[in-house]
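Should a chain be cited, it is by its letter among A, B, C, D, E, F, G and H, assigned in written order, with residues numbered from 1 in that chain.
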Amino acid sequence: MDTNNELKALLQDIRDGRTDVDSGMQALRDLPYRDIGHTKIDLHRPLRNGFPEVIYGAGKTPEQIADIFTHMRGTGNILATRVSPEAAELVRSLFPDVTYNEQGRTLTHIGKEIVFGAGRVGIITAGTSDLAVAEEARTSCEMLGHQAGIISDVGVAGIHRLLDRMDTIRKYTVLVVIAGMEGALASVVGGLVRQPVIAVPTSVGYGANFAGLSALLGMLTSCASGVTVVNIDNGFGAACAACRIAGLVTA
Amino acid sequence: MDTNNELKALLQDIRDGRTDVDSGMQALRDLPYRDIGHTKIDLHRPLRNGFPEVIYGAGKTPEQIADIFTHMRGTGNILATRVSPEAAELVRSLFPDVTYNEQGRTLTHIGKEIVFGAGRVGIITAGTSDLAVAEEARTSCEMLGHQAGIISDVGVAGIHRLLDRMDTIRKYTVLVVIAGMEGALASVVGGLVRQPVIAVPTSVGYGANFAGLSALLGMLTSCASGVTVVNIDNGFGAACAACRIAGLVTA
Amino acid sequence: MDTNNELKALLQDIRDGRTDVDSGMQALRDLPYRDIGHTKIDLHRPLRNGFPEVIYGAGKTPEQIADIFTHMRGTGNILATRVSPEAAELVRSLFPDVTYNEQGRTLTHIGKEIVFGAGRVGIITAGTSDLAVAEEARTSCEMLGHQAGIISDVGVAGIHRLLDRMDTIRKYTVLVVIAGMEGALASVVGGLVRQPVIAVPTSVGYGANFAGLSALLGMLTSCASGVTVVNIDNGFGAACAACRIAGLVTA
Amino acid sequence: MDTNNELKALLQDIRDGRTDVDSGMQALRDLPYRDIGHTKIDLHRPLRNGFPEVIYGAGKTPEQIADIFTHMRGTGNILATRVSPEAAELVRSLFPDVTYNEQGRTLTHIGKEIVFGAGRVGIITAGTSDLAVAEEARTSCEMLGHQAGIISDVGVAGIHRLLDRMDTIRKYTVLVVIAGMEGALASVVGGLVRQPVIAVPTSVGYGANFAGLSALLGMLTSCASGVTVVNIDNGFGAACAACRIAGLVTA
Amino acid sequence: MDTNNELKALLQDIRDGRTDVDSGMQALRDLPYRDIGHTKIDLHRPLRNGFPEVIYGAGKTPEQIADIFTHMRGTGNILATRVSPEAAELVRSLFPDVTYNEQGRTLTHIGKEIVFGAGRVGIITAGTSDLAVAEEARTSCEMLGHQAGIISDVGVAGIHRLLDRMDTIRKYTVLVVIAGMEGALASVVGGLVRQPVIAVPTSVGYGANFAGLSALLGMLTSCASGVTVVNIDNGFGAACAACRIAGLVTA
Amino acid sequence: MDTNNELKALLQDIRDGRTDVDSGMQALRDLPYRDIGHTKIDLHRPLRNGFPEVIYGAGKTPEQIADIFTHMRGTGNILATRVSPEAAELVRSLFPDVTYNEQGRTLTHIGKEIVFGAGRVGIITAGTSDLAVAEEARTSCEMLGHQAGIISDVGVAGIHRLLDRMDTIRKYTVLVVIAGMEGALASVVGGLVRQPVIAVPTSVGYGANFAGLSALLGMLTSCASGVTVVNIDNGFGAACAACRIAGLVTA
Amino acid sequence: MDTNNELKALLQDIRDGRTDVDSGMQALRDLPYRDIGHTKIDLHRPLRNGFPEVIYGAGKTPEQIADIFTHMRGTGNILATRVSPEAAELVRSLFPDVTYNEQGRTLTHIGKEIVFGAGRVGIITAGTSDLAVAEEARTSCEMLGHQAGIISDVGVAGIHRLLDRMDTIRKYTVLVVIAGMEGALASVVGGLVRQPVIAVPTSVGYGANFAGLSALLGMLTSCASGVTVVNIDNGFGAACAACRIAGLVTA
Amino acid sequence: MDTNNELKALLQDIRDGRTDVDSGMQALRDLPYRDIGHTKIDLHRPLRNGFPEVIYGAGKTPEQIADIFTHMRGTGNILATRVSPEAAELVRSLFPDVTYNEQGRTLTHIGKEIVFGAGRVGIITAGTSDLAVAEEARTSCEMLGHQAGIISDVGVAGIHRLLDRMDTIRKYTVLVVIAGMEGALASVVGGLVRQPVIAVPTSVGYGANFAGLSALLGMLTSCASGVTVVNIDNGFGAACAACRIAGLVTA
């Protein structure tokens, strides 16, 4: 019901008698999702914005996560993020072909082969401690249809480490820059490249870091123009944004 | 000095005797910018990240702004943002061919014709009060080489206004969503489209808005995956990000 | 002692000699509550604002909660919120007819049959993770004398899910909208209906959510006029407010 | 397009040939609002949520406000809030029958007689300094169809002032409690009455008041159950909420 | 060395030959405290501000606390606050005559009988959950030489509970008002009495309470003039302040 | 109506026929204050808490302030705080015997001679910039019946300045310590004296001072036990608290 | 009185009869400062920490500033910071040999020639807008006895501008890095040099900059170890810290 | 590649044929660090800023920490901070000559003897609870080549304890002042000494301390000029800054 085109087609069908009014109402209602009680699974989201329904694991019980996997298997590939080891264990005991990424805490099921798009995502991290977020981003990118590579531990306190990798970095379609503490890496990278840059502040740090606030504010006020920001530790969100962009590129 | 390729060419020139060591040092030093005392004008930024040097007018005196215009005219197109009417008047008294956008508070000089890229930017605003930021974004996009259109006053409190414009909205390469108050428009748009979405919180509001904080936090925690955010009221930054993305599309 | 009417009646009794002064003092003192040492049980609260004394379980020991149940049984129905499983177990071991709602963490005792008022409360949630708050609200509404129904998982990132349920939603007297992250659901619902809307921000989210702050600020600055807000995760408070309103409606 | 009922009628018209497809599309598009360039005037909002389009004056130029008045006169009654004296003067020079409330900063035009509903709104203020917000609320209530009375200067530091007015206060359908500083009045009133209570924190205060934050947080965490809160200084929003509630009552 | 009087006496002793220079230096150095390695025990604090050295237990190991008890026994009475049950157990295994208050989490040793001053401290709490702080305050008052009584559970949501106790409350020399949530009790009490009122915000609450911030800000911006505030949950600090005041009163 | 004693006397009068019921009701209603429209003047506040009604000038128009002066003259002494020079000029044009303290921004009228109590208030400031708050405090103390002296510019960065004045400082009954920046003076004074200490953070400072927040938090977390705090810049509130305490002392 | 050495000498003088007791008391009292009423001028501060008394101009009236200049002239060099043009004009009308730095807003009087120490201070700024703070720092350094040079406009968005100046930067004894927005320059410089680095966040920026908060937090959480931070815009404080350090170096 | 000198030498080598172009490129790339997969060990950091690579243990697994120790042993001395007892146990089981400081939570390996520089660092703490941070600082100083001493428990609430130690304190080259709560110690020390002072706020405290925020803001706004600040609890960072300064002093 959200696009005039779909609506117009449906109206035309009703006009031409191919669909009666009650069926039309039903069509509108049934199309977009399937209701399994505690959760509405949005099967048609791919039609609207190109992404599969993704399970956000935090705040869900292992049983709820397993329940969703049970209902979704058959509709394609599945990605669950922020999955605790306990929930992963439960799901994997039911579906052994599901993969758990311990560092990135993602749970994935490949139901049909992924054909990667032409655009590629470069993921850059400031320090070793940012790797968990980077892994969440990398796995998410691949589930969303784009290859991703990680360039790690190139924080600005030793800026030659970054400068030395610029050739590699410049080859990606879009960049995801992950940094905690003051998040300065986003500004430096943003000033060195032409590509779209998505900055992910991480909660790595303590004290005046305020659980990622310092990096978040730093990235939002970056002196490098054209850097955009997602939520703290939000590797998945950065991957979604990166893949929306990478999808614009054709081979 | 920031790319190995440039460095390698220079090294080869020195090796082959086409350039001596002192000239090499000079080349490295002189290439990137011109120093006019209070400001270093970065003439080679286009080579690095595709954007002209842009003047950020806030906190600069009218005289400083005029001074920069004087030195930059001849190097191409010029964009100044956050320019007060007083500064605009001074610059325009010196250079009558400079254009001032009162609502967007931008000052522009077209030194050579802009050839627009294939990617186009759609700018969506929640309310009338967000138009100043939208105008800053639109002017900036055009100076950066991409056409932009504004879809205004489609805030979520009357959601049919937005749904009715979705056909138009879906035709742009990348979307900039500008909203104050709670900034919910970004989430709704992000859920309806496949394109990259850059959200700009505005300081429109009062009280618990805390000068844009409510919209900022709301956009950062959007339930629509893949929305990225720039600083409050940062129409220019959103335009830069949008043009980095729009530049990926070829006709 | 808080209403002139009650006071006036008492004064008249004293004037007419039906009550002596000391008894009058005693009447004033004894009427409103019963003191059981660590807690004053406010038996007359129903006379003042229509609600039974409710036990707020957080920060109370299982023993204190059980103690209050012991003293209150006989005075009518009892509702305890934020009750840990441990406290629930203790109370239920003493009073097996007490009911524990695990998801909503409420403990209820029906001492006398509830006659539901004409007004009905619709509880709308953005996501699966908001169900705990919704259950606290639903149970509370029923204990306070009004039937309540839950419409779940209709967050704005897939806005058709919400639009499809509007017929159902419009049938309730008053609406409670529960959402975490950016809380945009309150604005969208508020713009679509005529009914009173009470928004409950939840602490579902992370990073810039700041434990519910983003949803709270977003709901307070909603662009939909006439939305009111209660504290983060405060399902009980929303139920109280909803029942104050629902009580205005007569069949 | 937002209600299935309206949609169903339209579908039936198309089905029966009373409306062709293109007209149907046009009907959907034209129904809800009128676009006057910088602002979409939402003429059908009354159909959806019972309120006229209201002009939020802050951040709009006097010229924009006058422009909207020009286009809206003829569609019924008009209410503009947060109108500066300058804007009021401009509008009133064009339309002398428009009324400006200096204290409440509202601009109103009565195009057709208001028939007040049965529900009445009681507005209670803690101090003299809160009267501006109270006046905005009172005027708004009346424009929205409900009579309102103000009980002023009954802050809790002299609690007998409040207790003495309880008889009057208890006669209203719904209460709006307006207080700055610590906002304790909302808790005390909420504990004394059965009616719905909408609390409005004001920015009256200094220092740790943080422009209304102390009253806002205090009201959100009120120990009196069932108090709901709107944004700081938001007299209009409180009036909208109050009138949504007052509208439930029939004579 | 901090008072001229003490210094003058010492100077006179030196001048008169009763004390030589090195002994004078030594006297100055040795007088005020005893250094036991990890802690300087301030034996002379009573001389300066009337309080014994008090052990702040949070952040100290059970061993450190026991160590301090070992060194201080013999110098008079001892009060330790914020003592975990584990630390209490260790100390009590060494010194069985030490008393642990579980609710208030204080550990006390009465080495010499306390002679109570004439001033008495009234401790008022809003709810049952504030009793832990009240107990810390009460025990502290008594160790500091002033009797204290607790009036509990008289929060403003049922204001008659408070009004009924005013006769009792007015008999104390100084009042400590302890409340969480919005902390409104301090304002109401402050408006009803002539005595000094010390407000203690507690961290009782959730969400917008922000661990006591709402009560803290509310008390700081109280509309009742002359209310002073101590840190969140700081029952000990309130007791110290109350006893400084109570000490001014002579029988 | 707030004390049982007053109530009891009234009940007895009614019982004995000395007062009829309606007169009793009237007595209760009329006793405490006089309503002049926009403000209720609380004439009986002295009976309750010992202070005259004080006018808080901020947020009131010069006309409102003058109006209150007009109604209050005759009831005793008057103190208005936070009075702008404009309002002062208006009031003084009407009542030339009113005094304006420019630095402290207070407006005072001595209607009947003040008999000072035995307790005296010492006001200590860290820097020259804190004098405005100190003057507000000093004037307020005197209007409330206690003499006050100011010890200025003894901030801790030059701690000998403070130590040298300790003899003078120790002679006051109660101390008010006023400091901006980090507010450390309160901790140092609190550690050196036995008297009650009321700390007033001021908004003197910039940057991380956040308009007084740094001093406020510093004073609330003072390492010197028994320091209490009032709102930022609240010289009047500190005076009220100091006089509540000073009033306990008899000559 | 603050050092045992001074005290010991004085004690010895008293012991030996060279000084009597009252003179000793007087000596202690008179040594450290001169009281001119509203301000204590700390003439002996140089003896304690090496700096002249400096006038902090913000919050002082032009008359107060002029008054202090009047009393201090004769005691050496004078530095006043945060001086408004109005105050500068008044002082300079009285003392024409006083110099006003408009950009840095400092007012200086050279009463006796400054002999510069061996240590030199390098002041690095990210952008043109940071020059005001840099000028305050530079002037302050020179008044405190150390030469200072400014390296401006080398922000990290164009990192080659910084790298190109490293040879110059490495020649200073100590570095002051001044940056607004995200303040990343401090981290990059801190990683490139061995010298002490003092970071000064500036309030240059808007929105999520929160008046310098983003730069402040960023600098405090810098990934480059050993960077220290002063208050936002505090050029004078940075100069003091830098000169404390520079003073350690001998030629 | 970060200094022109190094670059110039390399260019000369290439010019003279001593190095060919590809080798030159390789030299630039290989010089600065060694990549061991998850972490880049920065072996040349000593050349740039005088410090060894330091392991920040928080957020790293015991295995990752052990892995880094394995690769770094042989390159000199090693310092790891924020090391949990579990990680320490693992490393020490592999390398028994590694030392763990339980209080300071540092893990150190002395591969080659440390020759201490002439500058010495004085570490001053306000209370016993600050000793963990002090120990981290002390150990770090020694690993960085400078001796350090701790003066503990000299908080300002008993200021004579501090004054008595000033002779000792004045003998150090540079001072690190560690304090929680309000952090006033930094201001007092800063006003008493000429040396550089680095303040470390600690998270010791509760309530309005906000995990160190009160001390942090207090130190940043210190009234003692020239105090610089590092992050909350950042003993290591303070040591780095102190050693950068101490390194300026020659015997």
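Quick note on the criterion: a residue touches a chain if its C-beta (ideal position, glycine included) is under 8 Å from a C-beta of that chain, and two chains touch if they have at least 3 such contacts.
Just so it is clear, the model here is predicted, and its values are computed rather than measured.
Chemist: Which one of D-F, F-H or D-E makes the same contacts as F-G, at least in over half of the residue pairs?
Modeler: Selected pair, repeating F-G: D-F.
Chemist: Using the stated contact rule, I'd like to know whether F-H or D-F comes out ahead in C-beta pair count.
Modeler: F-H
Chemist: Just how far, in Å, is the C-alpha centre of chain C from the one of chain A?
Modeler: About 38 Å, centre to centre.
Chemist: So how far apart, in whole Å, are chain B and chain H when each is placed at the average of its C-alpha atoms?
Modeler: 40
Chemist: Taking each chain's centre as the mean of its CA atoms, how far is chain A from chain G in angstrom?
Modeler: A distance of 49 Å separates the two centres.
Chemist: Between chain C and chain D, tell me the centre distance in angstrom, where each centre is the average of that chain's C-alpha atoms.
Modeler: Once rounded, the distance between the two centres reads 25 Å.
Chemist: Provide the list of chain D residues touching at least two other chains, using ranges where the numbers run on.
Modeler: Within chain D, the residues that touch at least two other chains are 1-2, 4, 28, 48, 127, 158-159, 163-164, 190-192, 207-209, 216, 220-221, 225, 231.
Chemist: Flag every residue of chain A that touches chain G in the complex, lowest number first.
Modeler: 126-127, 155-159, 181-184, 187-188, 190-192, 205, 207-210, 213-225
Chemist: In the complex of these two chains, what residues of chain B are touching chain D?
Modeler: Contact set of chain B toward chain D: 127-129, 131, 152-154, 158-161, 163-164, 204, 206-209.
Chemist: Would you pull the chain C residues touching chain D in the complex into a rising list?
Modeler: Residues 2-5, 48-51, 54, 119, 163-164, 166-167, 170, 173-174, 190-198, 216, 220-221, 225-231, 236-238, 240-241, 243-245, 247-249.
Chemist: Which positions of chain C touch chain E when the two form their complex?
Modeler: Touching chain E from chain C are residues 1-2, 28-29, 32-33, 35, 38-40, 42, 45, 48, 56, 58-60, 64, 201, 203, 211-212, 216, 231-234.
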